[in-house]
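Consider the two complexes below, in which chain A is the common component and chain B and chain C are the respective partners.
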Partner chain A sequence: MPEIFINGHPVQAEKGQTVLQAALANGFYIPYFCWHPALSIAGNCRICVVQVEGRSWCEISCNLPVTDGMRVLTDSELVRAQRKDTMQFITLNHPVDCGICDKAGECTLQDYHYAYNGAPSISREPKVTATKFHDLSDRILLDNERCILCSRCVRFTREVSKSSALGITRRGDESLLRASEDGVLDRDAYSDNVIDICPVGALLSKSFLYKARVWYLKPTPSVCPGCARGCAVDIWHRKPEWKLRALDPQQNTSIARVTPRGAQGPDGPWICNKGRDLARIFERPRATAPMVKGKPVELAAALANVRSLIAAARHPAALVSGWGSNEEFAAFRAAFGDTFRVHVKHDHRPEPGEVVEDGFLIRADKNPNVAGARAVFGVGADSPPAWHGDTDLVLVWGEGCNFADLPRGAAVVFLNAYLAPENGHADVFLPISIATERAGHYTNFEGTVQGFAACFAKPQGASDAQALFESLATVAVATP
Partner chain B sequence: MKHLIPEFEKLKQRFPAGFESSLVLPCVRRIQEDRGFVADSDIDGLVEYLGVPRIQIEEVLSYYTQFRRKPIGRWHLQTCRNLSCSMCGAERLMAHLKARLGIAPGETTADGRFTFSTVECLGSCGTAPVVMVNDTYHESMSIEKLDALIAKLD
Partner chain C sequence: MPGKPLIMTFPVTATSHTLADYRARGGYATLARVVAGMPQEEIVKTVTTAGLLGHGGAAFSAGRKWSVINLRDGQPHFLCANADEGEPGTFKDRWILEHAPHLLIESMLIVSYALEVRHAFVYIRGEFDLPYRRLAGAIDEAYDAGLLGEGVLGTGFALDLVAYRGAGSYVCGEASGLLSSLEGKRGYPRNRPPRLTVQGLYKRPTVVNNVETLANVTGIVANGADWYRSFGTAKCPGTQLVSISGHIAKPGVYEVEYGYPLAKFLYEDCGGMVGGRKLKALIPGGISTKVLTGAECESVTYDHQSLGAAGSSCGSGGMVAIAEGTCMVRLLQVLLRFYHHESCGQCTPCRDGTGWMHRIIDRIVAGNGRLDDLDRLLEISRRNDGTTICGMGDAAGYATVGILAKFRDEFEYWIEHGRSRCDGALEIAAHA
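For the complex of A and B:
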């Protein structure tokens, strides 16, 4: 292990590390634009310069391998002067339109300007103008004037998503980031990651465009339910202390955007585009009224009805949701023991046009917790379920069940969060909460258990499935 | 582009395997020589033949100003606008061409005879000003010589 000295402090670096990596790993901050821990080294932004003691020049730390006994300075007078000059160059043609830029508040360029430059431009030349609002793909908008040509996004599509969709065309101050003309970027299932890794506001999400200032939002840790991978994500929503009262209160309980949660997830800092669109899954019209045979009733009446159905059933079965949390499965098991013959259900299946499975993150099982259900109930998802011939009651928990496939003549108790025609066809219908309204854990296909927290309160009338199981439990205990 | 593949195969032998992207430049150069410009279908054919991502070919084509994505006139008049030529009257030549042909730099005459461009240094400062017509240099040009030259181009 080579020992190096950063600003005079001894640091144990790892063999093969660069000065930038060794510094960041040991709590010394060096600024960087084009370098990214998961991408190759481009070395074009020049902001990560350091000075090796005794040398009269600076060099870029992202591409400077550590050697034993190396002594580097990250904050010498020369380094400070060069960083300031580099910031002048990088902002030379940047429009500095932070006031209308979605990236403001979480922009590396903005932060570095205050940290390392702070001075207005010394150039008196007019700025070079370039295309704005360029449609890079059907999901991404590009502002070429804000782009600092760091090439992170280009390297992402070549090295990570493998679509090679992006490139830098033309040259010099006419250089433009462009997507290839054959529309590959539209088909890149990971394209939105380039928005996160853009250090400036050049790459913008169309679905988040002008939607919120980021400082009014807060991230709630969650797990993407889009497939069995269960990527760790942050669900961004309006801070409660900045709740909107008069103006569009709907925004208080809406998902503003979804981003990968750092490198804490099982597969690093990337998620697929489906994970960005969780609002499309979670923000469908909700069911909020318990029903008995299609007629709205009080929750207590509905529960009483379920209790008597369970008590009368001789061969009750349950279709357990692949979207349930480990806590809900445990509560189900504790409440009902072996009362029900349990089948695990795939609530969601691949939709037309959706990437079913790839060799990277996306899994064919479009449910977050089939593995968790298997761990609790000892059965996987069987499709179609092998019903007991005399099944006379089915408890259907969650979406994805065609009632025509249920055993003939069996009574149906249905727990669902969304409005659906089946809700009224069940003998008893109970509206439940969704994952953004409660906390819990999912077990992914590799056995990794990850937690999610509640973002919003559940709507009036909906109950947590866990509470329903617990209140129905007495019946199950009485039944041998 | 397909009829050039035997030539490309010979080029390919001069590069180690895995360096297909290095073949983009000589291939597009040959295509332009053959067709006069690089058509979209040429890019598609090259993507298929070399197996490189399309964007890498687009990057090469847009980096070098010499490559064209659209057809041009029969005669391509390129006047140098760099230092030596400018000092020796290139600006007068350009103004004359503009007036005589009725087109601005980058445009083609309606009859498809001439395309007029201005370019950076043609590397012939000693014989400035220089006008390049297709692949031929015409040195120490004046308005009179230019008019005589144009009269000979059909």
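For the complex of A and C:
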């Protein structure tokens, strides 16, 4: 292992590392725009310069391999001067329209300006104008004036999503990021990642455009339920201390955006576009009233009804939700023991036009926790379930069940979070919470267990499935 | 060729570019000697001893560049002739391609033999029409004559040579940008490390040499290192093809022995300035080299040491003579417009610096300049120097610094009076 010295401090670097990697791994910060840990080295932004002791010039640290005994300075006078020069070049034609930029508050260029330049522009020339609000795809807007041409997005589409949908046209300070014109970026299922890796506000999400200033938002760690991959995500929503009262209070309980959560999950730092659209999955009209044969009733009355149905049933079966958490499965098992013959259900199936499975992240199983259910109940999702001939009660938990497929004559207890016609067709209907309203864990298809936290309170009238199972328990809880 | 050629001594006729003529003056005899079994190391050693320097601008030792190639690393090696002669004022490689394409091909065969190259390329600039046709014709002739392809001259040595036309970009004349373009990518220069001799074309060890550099190899291998060292000076052996243009009586391509007095070349060989004017300034080797004043030209000799001591260099041999009466402000405007237009836009300092400088000089020419703009131009030049991926960022600065250092008074006059101090009779047409 080569030993190098950063600002005089000895640092153990790994063979093949660059100075930038070794410095970041050991707590020495070097600024960078174009470098990205998951992408190839471009070396075009020139902000990551360091000075090798004894040399009268600077070098970019992202492309400088460590050699044993190397002595580098990350904050010498020359480095500071050159960084400032580079910042002035980068901001020369940048519109500095932070006031109307979605990236403001989490913008690398903003942070670096204050950290490494801080001075007003010394240019007297008019800025180079370029296209703003350029439609890059049906999901992404491009502001070419803000673009600093770091080429991260271009490299992402070449090296990660493999669509090669982006490229740079024209030359010099008139260079423009452009998408290939045949709609390849529209079909790139990972395209929105370029918005995250854009160090400035050049690439904008159409669904997040002007929706919120990021400093009013907070990220809650969660797990994407879109498929069995279970990517670790952050769900961004309004901070409790910044609740809107008068204007559109709906925003207080809605998902502002979803971003991948660091490199912690099995996904690396990327997620697919479906994971960005969790609002489309979660923010549908909610069921909030328990019902018996379509008539709203108090929760206690509905629960009493379920208890008597379970007591009367001789061959009860349950369709367990592939969207349940490990905690809920455990609670079900603890509450009912072997009372029910359990089938695990695919609540969601690939929709028309959706990417079913690719060799990268997206899995064909569009449910987050079939693996967790299999671990608890010993059965995987079977479709359609092999019903026992005499089944006389079915507990249906979650969406994705066509009641016509249920055994004839069997009573139906239905637990669902959303408004649906089936809710009224069940003998007893119980409204439940969704994943953004409770904490829990999912087990992905590889067996990785990941936790998610609650972002919002559940609506009045809905219950956590776990609490319902506990209150319906048919197995006496053993007291120690 | 006017003047007294030393290496390119053949007469230029309507057929001097053909294989028959080339063979008649001894062409491909050296190749035959080489492929008959000359040790590969001996070729590299001869060229290194001869002191052959790169003739494209950087003047790096050709032999030392080649010696990085490990002949037994089991990888494919590539050789590429840089015929993307884009430095303004330079048209010497065009002369070789038009009149002696077989000299280049024979040299490339010899170098390929020495460096275990199976595939070689000539990256030729798209604007070169006749040179391309002559080169492509010569390659066809060579294939037909069994000089290229499998079994060169009946031996086990094989080489395929491809002429690839660029699309007209200045940075594609930079070796790594050239290889990016040759690979079919955007012509962006690449960061070093790795060096191209370690990872070049298709990430394989690649030698990129200027056309004139390669053209000298056949003569060196045929006649030996001492023969080549008999030309030029001890530190700077050989000759340079100089393409001279501008306000000179006899413009054209000349072969100049290193160490030749510059004034003698200008006033005797090239016939002095047009119209009997005085020499105001000389761009000695392409616009990226620092300009010399007429007085400075009196005392220097044409070699890397003497021009280096005068603060400039031989560059690519593209000489531009500038007569008294030419406005240096408009000259710099033309140069900065060129650099702005040709900046590839990859890395920050050159992308934004060249445009910035161009807008400043445009504003000065429009009559809205301020005196501190000149310091700003120098400041931007300094910021571009050595901070970019390739040398093109530095080049824009050299041109600016060179002209501003010697002709600052003309810029100050223009800023104060809103017009040129020069009569304008011999001006280079200015473009906005």
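The working rule: the second predicted complex is superposed on the first by the 473 of 480 C-alpha atoms of A that agree within 3 Å, B and C clash if a C-alpha of one lies under 4 Å from a C-alpha of the other, contacts with A are read in each partner's own complex, and residues count from 1 in each chain.
In this section, contacts are C-beta pairs under 8 Å (C-beta built on N, C-alpha and C of every residue); 3 or more make two chains touch, one makes a residue touch a chain.
Keep in mind that this is a model prediction, so the values were computed, not measured.
Peer 1: For A:S164, select first, second, both or neither according to whether it touches chain B, chain C, the two together, or no partner.
Peer 2: Only chain B is touched by A:S164; chain C is not.
Peer 1: Does chain B (first) or chain C (second) touch A:F89, or do both, or does neither?
Peer 2: The second partner, chain C, only.
Peer 1: Of the two partner chains, chain B (first) and chain C (second), which one does A:I41 touch, if any: first, second, both, or neither?
Peer 2: A:I41: touches chain C, not chain B.
Peer 1: Which partner does A:E181 reach: the first (chain B), the second (chain C), both, or neither?
Peer 2: first
Peer 1: Answer with first, second, both or neither: which of chain B and chain C does A:C58 touch in the superposed model?
Peer 2: second
Peer 1: Of chain B and chain C, which one touches more of chain A's residues?
Peer 2: C
Peer 1: Residue by residue on chain A, keep only those touching chain B in one complex and chain C in the other, then list them.
Peer 2: The answer is residues 167-168, 170-171 of chain A.
Peer 1: Name, in rising order, each residue of chain B that touches chain A in their complex.
Peer 2: Going by the criterion above, the answer is residues 40, 43, 47, 53-56, 58-59, 62-63.
Peer 1: Given the complex with chain A, which residues does chain C contribute to the contact?
Peer 2: 169, 186, 191, 193, 340-349, 351-356, 359-360, 363, 370, 373, 376, 383, 386-389
Peer 1: Give the list of chain A residues in touch with chain C in this complex.
Peer 2: Touching chain C from chain A are residues 41, 43-47, 49, 57-58, 60, 63, 65, 82, 85-86, 89-90, 92-93, 122-126, 128, 148-149, 167-168, 170-175.
Peer 1: For the complex, which residues does chain A have touching chain B?
Peer 2: Answer in residue numbers: 158, 164-171, 178-182, 184.
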